[in-house]
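There are two complexes below, and they share chain A, which is joined by chain B in the first and by chain C in the second.
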Partner chain A sequence: MSVARKALEMTRAATEAIVQRAETRYEAHRQEILRSTDRIFAWLMIGQWIFAIAVALIFSPYGWQGKVKTVHMHVWVALFLGAAIISLPVALAWRRPGELLTRHVIAAGQMLSSALLIHLSGGRIETHFHVFGSLAFLAFYRDWPVLVTGTVVVATEHLIRGIVWPESVYGIPNPEWWRFLEHAFWVVFCVSILIPSCRRGVRDMRVMAERGAELEALSENQWRNSSVVDRAAADTRGDR
Partner chain B sequence: MTVDTNVEIRKGYDRVEVPAAGGGKRSLTRKQFETLPLRERVSYLIEGNAQFFLDGRPISASEAMRT
Partner chain C sequence: MERAPASDSSRLASRLARIGAAAWLLAVAGGFGVLWKYKSTPGAGGAVAPGRWPAGSAVARSTDRATMLLFAHPRCICTRASLAELARILARFHDRLDARVLFWTPREAPADWNTGDLWTSAARIPGVTVVRDAGGAEASRFEVATSGGVVLYDARGHLLFKGGITAARGHEGDSFGQERIASLLTTGAADRADAPVFGCALEDEPPARMARAGTSNRGGER
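Right, the complex of A and B next:
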């Protein structure tokens, strides 16, 4: 095999190895972000569940039928519906962190947690802020389709609940039929800014990984040049 | 000890020349170079056949890669 051909093959092999390592670094960084965000949401959802139970206990602990005092339905709703909403996302976050399904289930669960809090607060407009905070937290994943899942779930939930039980979501019995569209508009407004931000975050991770590859390539070149110099020096010594 | 506050802010490179497919050289802006496939950029750097420039002045690859 000629020296030129051997050198070409060495360059190809080194290039492949460096590109592969860059891809591995990028994927490892991405997985680290996905997994840590899954864990954040697992704890957040447990915290929200406890908070929802506390809200129900503080604001509507008892119901009255004449002189008969019973535990208010809201307490049971917070306890059991809340547990049902968070159980799958939390289980997936612990058992299957970093997987695509996990973060989409978490996005849906987080929006349903918002819905539960809105219901428990009697449709208070201020509790709707929870939706926007949740979208911002979902952006931690830097995976924009997760935001689409969250948007679809919250818009659908508002539409259905707005028809079936409008007081539960808007706090009034007869809102305009299009009220859910107004809420959905502001969600889309928020998401339309978060999506480019997520894409930029992914691009930055890619650039970091590629930057590392370029530096490795440079180091490889310097190593080769120094080897050539060493060989030339050895040859010179041998000639003497 | 005194600190030199006139340290030049390193800018990396703004232009690069790489081998053209049909022989000769092709000149690329930094942005054009950075959008080349990583495999191609890496092979130029390993082979040492990318010449970097800053403000029209040729600079070494290691200087170019500082920023």
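Right, the complex of A and C next:
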């Protein structure tokens, strides 16, 4: 085998080693982000549940029928429906962090939490901002299909309610067909900015992983070379 | 061969997780269904209202513009949304309306019965007069059984509209009632002159006549 060919094969092997090392570093970094985001959402959802119960207890503790008071439906809804909404996302974040299903269930759960808070606040327009905040939080995953799941869940809830009970969404019983698009527009607008941002984040992670792998390979090479030189120097001293 | 059991258990866990996710979605959808049902069920009795302003009423009626009465339970949380919508209507039609909020006050009511934030909120709405409806006498005269029920009479004392001004129980936003009131005040006509009332019952037991009327008076369909 010629020296040139040997050198070429060694270079190819070194490049493959760097590529593999970069892939390992990227996967490790990605898993770290996915797992830490799962943990953040688990705590966030527990916090939201406690907040929903507090909202129900403070603002609508009782329902009245004349002089007779009973615990308001909102309190039971916040307690039990709130618990049902967060149960699976929190359990998956705890037991199966970093997995694909976990983050998609979390995205669905987060959007359903938004819907619950909107109901508990009596449909206040300000509470609808929770949807947009949640979409921004979901972008922490840097995994754009998660944003699609969140959007589909919020749109489905809106669509079903719009069909079954249109006045609760549009205020009128027979809305024009395009009213749904008007409501969906701002969510799509928000997601259309967040998706490229997620993709850019992934690209940056890859670049970081490649640079890290190159630096690692370079420093290992230098260490190996200096070891050879040191050994040679030691041998020379020993001969004398 | 050694890896097969691990792969089987992993497949089983993955399948169980998917089934769990589907069951979870169904359970949550069911929960929202119960909530929607509760919020979209009108109060029994709602607002029946006589065709002419009742002669025995102690409430002053305007003779140069329409008069709107909103009957409220001072502790009904759902009525907060009705007051918010009343404020929206008045912001638009303050020059065409005389509005009063009548707070239902039972006989032998505790001293702090009307001291909640609803009274304060109603009193803060520009152009609104807040009145105490002792023993629910006016609610009974106008045949309103549900908190949030509105009656609208013209300057001559003819009934223009009866019903609610929210789309659901304690839910702010556009509604049939508002749309119809706006249409009546601007064009003098509307597709219907009623709307469902969402809120707490004013009396422990609504009068039988109003309860019967309420069950057939959803006022939602056109």
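The rule is simple: the second predicted complex is superposed on the first by the 181 of 240 C-alpha atoms of A that agree within 3 Å, B and C clash if a C-alpha of one lies under 4 Å from a C-alpha of the other, contacts with A are read in each partner's own complex, and residues count from 1 in each chain.
One rule holds for everything that comes next: contacts are C-beta pairs under 8 Å (C-beta built on N, C-alpha and C of every residue); 3 or more make two chains touch, one makes a residue touch a chain.
Just so it is clear, the structure is predicted and the values come from calculations on it, not from any experiment.
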Does the superposition put A:K67 against chain B (first), chain C (second), both, or neither? second
Which partner does A:E220 contact after superposing on A: first (chain B), second (chain C), both, neither? first
Partner chain(s) touched by A:H119 [first = chain B, second = chain C, both, neither]: second
According to the stated criteria, A:W186 is in contact with first (chain B), second (chain C), both, or neither; which is it? neither
By residue count, which of the two partners contacts chain A more extensively, chain B or chain C? C
Is A:V19 contacted by the first partner chain B, the second partner chain C, both or neither? first
Have a look at where A:T11 lands relative to chain B and chain C in the superposition and call it first, second, both or neither. first
Considering only the touch criterion stated at the top, classify A:F59 as touching first (chain B), second (chain C), both, or neither. second
Check: chain A residues flagged as touching chain B and also chain C none
Chain A-facing residues of chain C, complex: 14, 17-18, 20-21, 24-25, 27-28, 31-32, 34-36, 38-40, 73, 75-78, 80-81, 106, 109, 147, 167-168, 170-176, 178-179, 200-205, 220-222
Which bits of chain A are touching chain C when the two form their complex? 59-60, 62-69, 72-74, 77, 80-81, 84-85, 87-88, 92, 96, 101, 105, 108, 112, 115, 119, 122-125, 157, 161, 164-165, 167-168, 170-174
Residues on chain B engaged by chain A in the complex (per definition of touch): 38-39, 41-43, 45-48, 61-62, 65
Touching chain B in the complex: which residues of chain A? 11-12, 14-16, 18-19, 22, 210, 213-218, 220-222, 224-225
